[in-house]
Amino acid sequence: MKLIIAIIQPEELPAIKEELLKHQIYKFTITNAKGQGKEIPVQEVYRGISHEITLLNKVRLEIAVNDEYVDAVIDAITLVAKHEGDKGRGKIFILPIEECIRIRTGEKGSTAIG
Amino acid sequence: MKLIIAIIQPEELPAIKEELLKHQIYKFTITNAKGQGKEIPVQEVYRGISHEITLLNKVRLEIAVNDEYVDAVIDAITLVAKHEGDKGRGKIFILPIEECIRIRTGEKGSTAIG
Amino acid sequence: MKLIIAIIQPEELPAIKEELLKHQIYKFTITNAKGQGKEIPVQEVYRGISHEITLLNKVRLEIAVNDEYVDAVIDAITLVAKHEGDKGRGKIFILPIEECIRIRTGEKGSTAIG
Amino acid sequence: MKYFKPIYIMALLTGGLVMADSSEAALFTVNNTWMLVSTILVFIMHLGFATLESGLTRAKNTVNILFKNVSIIAIGLLTYAICGFNLMYPGEFSLGGVFGFAGWGISVPQGAAGLVEYADGAYTYFTDFIFQAMFAATAATIVSGAVAERVKLGSFLIFSTLYVAFIYPIAGSWKWGAGWLDQIGFYDFAGSTLVHSVGGWAALVGAVVLGPRIGKYGRNGKGTIPIMGHSMPLATIGVFLLWFGWYGFNGGSVLSADPGPVSFVFVTTTLAAAAGVIGAMTLSWTISKKPDLSMVLNGSLAGLVGITAGADVISPMNAVIVGYIAGLLVVSSVMFFDRLKIDDPVGAVSVHLTCGIWGTLAVGIFSPEHQFLTQLIGVGAYGLFCFVSALGLFYGIKTAIGLRVSEQEELGGLDLGEHEMEAYAGFQIFTVE
Amino acid sequence: MKYFKPIYIMALLTGGLVMADSSEAALFTVNNTWMLVSTILVFIMHLGFATLESGLTRAKNTVNILFKNVSIIAIGLLTYAICGFNLMYPGEFSLGGVFGFAGWGISVPQGAAGLVEYADGAYTYFTDFIFQAMFAATAATIVSGAVAERVKLGSFLIFSTLYVAFIYPIAGSWKWGAGWLDQIGFYDFAGSTLVHSVGGWAALVGAVVLGPRIGKYGRNGKGTIPIMGHSMPLATIGVFLLWFGWYGFNGGSVLSADPGPVSFVFVTTTLAAAAGVIGAMTLSWTISKKPDLSMVLNGSLAGLVGITAGADVISPMNAVIVGYIAGLLVVSSVMFFDRLKIDDPVGAVSVHLTCGIWGTLAVGIFSPEHQFLTQLIGVGAYGLFCFVSALGLFYGIKTAIGLRVSEQEELGGLDLGEHEMEAYAGFQIFTVE
Amino acid sequence: MKYFKPIYIMALLTGGLVMADSSEAALFTVNNTWMLVSTILVFIMHLGFATLESGLTRAKNTVNILFKNVSIIAIGLLTYAICGFNLMYPGEFSLGGVFGFAGWGISVPQGAAGLVEYADGAYTYFTDFIFQAMFAATAATIVSGAVAERVKLGSFLIFSTLYVAFIYPIAGSWKWGAGWLDQIGFYDFAGSTLVHSVGGWAALVGAVVLGPRIGKYGRNGKGTIPIMGHSMPLATIGVFLLWFGWYGFNGGSVLSADPGPVSFVFVTTTLAAAAGVIGAMTLSWTISKKPDLSMVLNGSLAGLVGITAGADVISPMNAVIVGYIAGLLVVSSVMFFDRLKIDDPVGAVSVHLTCGIWGTLAVGIFSPEHQFLTQLIGVGAYGLFCFVSALGLFYGIKTAIGLRVSEQEELGGLDLGEHEMEAYAGFQIFTVE
């Protein structure tokens, strides 16, 4: 089992959700995040002072899947979010999960994940 | 050392906190999350349009513990949050931690975790 | 590759950012978190009732790095955030990353991380 | 020269405006204009209540509170037109100073009778109606704060409709309608008792019947836990708007623009409000060691409610004392009701009932023309009538359709439960604790 | 005795104030004072619009909406001083009741001519100008809500400037300026058509020309998806302030403080607003099964817009009917335009155009002195003129510099795109869905 | 006919109201009523300040700012009753036009003397007091914005109390109390200098003595970093309410309802505010390339402060120029003070001091009856007096109990530090950067 953590652009979430659904993946958790990377910084102006904001709004997507689904998730995300030449589209990290428990039933392991 | 990530219902946090305390576990970190799972979607109505919201409010609980505490945490959470028959009670994921550092002292390893 | 998760005090982020930059580390993701630990609880007063708040504001910093950078990150964070004697300065957890993908290019592995 | 829009009905209405001389017309016009300005000021108090109440409660119940406040004013105005006005000012009582009814609907006296003669050249029939109508909805709005975050929307709307359509005007007729309390010399200038306590009693009954919000008085008996309001700016906006509107509430209750009394009332009202702030500040700062904004906000309202009964008969200096004591009282009262485990999220009972009683009694203390005992009788009579009525209504509704939302709905918030809507779409709000 | 600040120009201005007797002076003064109070009330409606519109849209576009609202009032006031006032009240028409222009700038009639004689002792030239100027900006503000969240700032400001400087006053002159519609007996007391529909038509054209916001009518034809406003408290503040200001809008349109008509207008206005709330509540609760705050808020505005044309000629009882129907209409209209996939984020078209038309026609139904047909002609004439003008302006601007922001800017929000600023710095706001 | 509530003291008060004829009574009544309406309008400016200041600062300091604003008005009103009024309008000066004191407390002149004769039939003693009292607190409130987010609550309250109780009224007596500056012909209609600059000087001194907020002028000299306000809607509400209240501030300063001057003042005030918006918009848009809402908001206030000194003596056309220049000035001034590393979170110094000086001098430029040099002397005299007084007070308090909160408290926010409370409980707010 793997935990896939993807840092994506907020506006791409709806499309990614749709893409994931095509692979029968519809369970996930998101949090609101801010990220700093190589993206072009946003300019902000306030009271005559202009300022570069490098911490930009991101969505942090967490999907726990059984191993055979990992590629599908990666494909779905990259398909939507890939824009040639545009920096700052985000990253995906794959982490190992040792155990997964469905809270409702106490059920464990690979069947509990979905 | 393990990192226990639990996605729970927001209103269950106070009870879970109390249960964890019984096992002497009182250090944790939470973030505000939204999750999509198999739970009954919430209906929203706005200006004559009714709409199903599938991304529901969740709390993401992170608890780093030494291996011997893992079961206690799982038990505490499932005890409180388990409701027979009700979908969408959340998941627990157990991930391996390779190292843990107490920032204040620089102390490392299993004693730093608590 | 490792995922470094650090729970820090919000006000220390700017200094930590500067310190990390000295080691050429400038890509990271943060989320707003609340943590409970051994820190002195904050007192709150509202309508004649005084109350202890134990869930305090924290920032959750996530930095994915190649193995050789791990120590630099730990050093940068502890350098800034270390205050002798003051409880509740936070923790750092190191988790293994199995794979990393740059969404924009689909590039994988250790070069994708930076 | 600019062109004037013809106003047909105007001719009809002003047809009656034949006065001894035009200077009487001028005085009539300015009196009437001031009453209308006061009407607008009382109107905006409803926004004050809406923002104060939503600011002092949680974000998950905001839509519900706003909805209640918008509905109540509409219901209050319409029912007052249907029967309230004629219950409150029946002209003649059919039941010896206790109950009278002048008929359904608003009936315009024809010609001069409805205009200049109606109130000795102070204002027209329409002005009288609309000024009084704005007051009516206030009583129900006061209740809304005390029962917030747990009452069923439908049940509350039914309660409000009945309370504002019948209880408030009947009670009001005893004094302002020239009923029995007026006859024995009871005095309540602008409504410390007739408006604020009448609302406050129902608020108290509502809070008791409903019981406290989940978590307020501790899980496992862990003591009282504060449930913070979600927006102090909203609460502050509310208090300033209420204070602002109070100049119409009290100033308009002079029932003319007579310079002496109106300006006098402005001074007493202002100083009492200011003293209420200081009173609440000193006591809450002393007790809690920290200056509590929510208490100071309540303090100014306390001062205002306190001076309302005697704004025209209490000297400026004494108004400061009345306001200061009201400020102390509201803080003590909030803590007292918390000790009794009566959960009143916005302090409505403490502000409107406690200080309403205080203000009414203060007239007996600080005004030589009035008697403490008569004031006490009035307070008691209103207390009894309102308490019993509110209890009857709340229990009736509870039995018939239930009063309180389910535990799950309360935890998730009434906005989703009752309205399937969020007050702050997009904002991240932590719903734990 | 206190010292008075000398006011030099006062002598100059009041030099003309030689009246038959001082009682005329008193009546003049109270009339003028009421008109000025009404001016202030109309002014605060602009804050009402600003808060309503920003409350009903998303947090990422808030700075943009506030900026537009602050700019529009400034532009509206200045252009009205430059040419609007003299286009709207030309005195004589150069083009048979359709177009007239009394010259650039505001020109103060000297002495008594600009004061007491100016309007038969009802108000001064300056009062006339400032009261009318406050109305002018309203029309443009109405548009702002309908085109929100996707229109380019610069393009919108150009449109507003032209619309408020030329179209609104020319259209207004047909009736209030004593033009052709006035001559055939068309009636519009305070502007259901002249202000609200004039704004509403441009709002409709703007919404159509711009097209819907991304995501409103479903990706892949998934049906209509609600885009929730980000702050119901802000929206509620807006509605209460609009209602509050409406007492000046309608009450001031009596153009004097005459007690009969002004108090009559207060009653009809209030009851229509209250009935609008109930109308919208009943219909939306029935249809959606849940009580929708945003609809109820629109309902009160619907009632207000509906009664505006006939507030002085429709009886209180009929005002309730007019308001109630307006409340039903606004809910139906919002759903109707959604079905047509015309995206109006705040319901400006439904409130101001639909109910503006209804209110104008209602005069023909409920007032015996007015004819339905004449009212219909007026509605049609304004519709044609405004529709064509707005279409011309919007297309002209679209061709010249474009109307709509880029898709990326729309997704990221106009606050960052147009202003490089955030409305709620520090707050966590989810920008997904 | 409805029943009237008896108002006992009224008889007492109006006992003196024996006038030549009733038309004088009518004029007296309308004048007095307008002054009272103006009083209410000035009152609501305090909500304007509260919302503007909290909107332009960070969420973590909101409770603190609101608390200060609620306290200041209470303190201001009470100290004005205790000594301010009698310091400002001493009647006779004991120290040649510089200092006079008419005794403690407010003393009601008996009968007609306190009513009709008090101000030649323009308003009563009570009206005079309450109108002036509302002005008093303004000066202290201005300071509150400039020292926000770092000043200790207690220290600020002590400063405000002393400043508003003594410095403001003594300074005011020089002109409005008929003191030496009045005698040499200095002119300040409604207080560009007497209110706004007096507050502005203390704001400047406070900002300098306290030093900038942590992080404002860059860690490691990284240049100026904007610290964004947390709520643009709140700031916008504040500006509209201030503009709204300004009609009472300027309109009421006519000290009667005289139609000519009051309507004239409405026109100049309105046009200057609108021009201020355009002025700030053009300059800030040019400099920053993006339209900055916070600057435009300040622009309207700049126009208002600018016209305040000469609202009755500057023609409408020139009022546009005065307002426009004020709009340019406020933007330049904000940037200028940032260059000097004087940190003024809300731009209080730029709005109230810079534009207050400009407005006062503008009287010397645009009004033929007044001399530039006299105006300059006035500006200088007030500057010196206020600067020195404020410096003395701030240093005294700094020495005695300290002025600034600890670094840790500043980082964590004054809401937790000074009040142990949050302004937005439940909301997720990022406290980094």
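Read from first to last, the chains carry the letters A, B, C, D, E and F; within each, the first residue is number 1.
Everything below uses one rule, namely that a contact is a pair of C-beta atoms (placed from the backbone, for glycine too) under 8 Å apart; a residue touches a chain by one contact, two chains touch by 3 or more.
Being a predicted model, the structure only gives us computed values, none of them experimental.
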Subject >> Interface composition of copies chain D and chain F: same or different, split at half >> reply: different
Original post:
So how far apart, in whole Å, are chain B and chain E when each is placed at the average of its C-alpha atoms?
Top reply: 51
Subject >> Rounded Å distance, chain C centre to chain F centre (Cα mean) >> reply: 45
Original post:
chain A to chain B: how many Å between their CA centres?
Top reply: 19
Original post:
Among the residues of chain D, which ones contact at least 2 other chains?
Top reply: 21-23, 26-27, 30, 33, 37, 228-229, 231, 237, 290, 292, 294, 419-422, 424, 427-433
**OP:** Quick one: which residues in chain C touch 2 or more of the other chains?
**Re:** 30-32, 34, 44-46, 50, 55, 95-96
Subject >> Chain pairs in mutual contact under the definition given at the outset >> reply: A-B, A-C, A-E, A-F, B-C, B-D, B-E, C-D, C-F, D-E, D-F, E-F
Original post:
Once bound in the complex, which stretches of chain C touch chain A?
Top reply: 1, 3, 17, 26-32, 64, 95-106, 112-113
Original post:
In their complex, what parts of chain D are in touch with chain C?
Top reply: 224-226, 228-229, 284, 287-290, 292, 294-295, 331, 334-335, 338, 347, 428, 430, 432-433
**OP:** Spell out the part of chain F that touches chain D in their complex, as residue ranges.
**Re:** 1-5, 7-10, 13-14, 16-17, 21-23, 25-30, 32-33, 36-37, 39-40, 43-44, 46-47, 50-51, 54, 62-63, 66-67, 69-71, 73-75, 77-78, 81, 105-106, 108, 114-116, 123-127, 129-130, 133, 153, 231, 234, 237, 418-428
Subject >> chain D partner contacts - residues on chain B that touch it in the complex >> reply: 10-11, 13-15, 18, 30, 32, 42-46, 50, 57, 59
Original post:
Which bits of chain F are touching chain E when the two form their complex?
Top reply: 21-24, 26-27, 30-31, 33-34, 37, 41, 58-60, 89, 91, 118-119, 122, 128, 176-178, 182, 189, 228-233, 236-237, 239-241, 243-244, 247, 251, 253-255, 257-264, 266-267, 270-271, 273-275, 277-278, 281, 290-294, 296-297, 300, 312-313, 316-317, 320, 367, 369, 424, 427-431
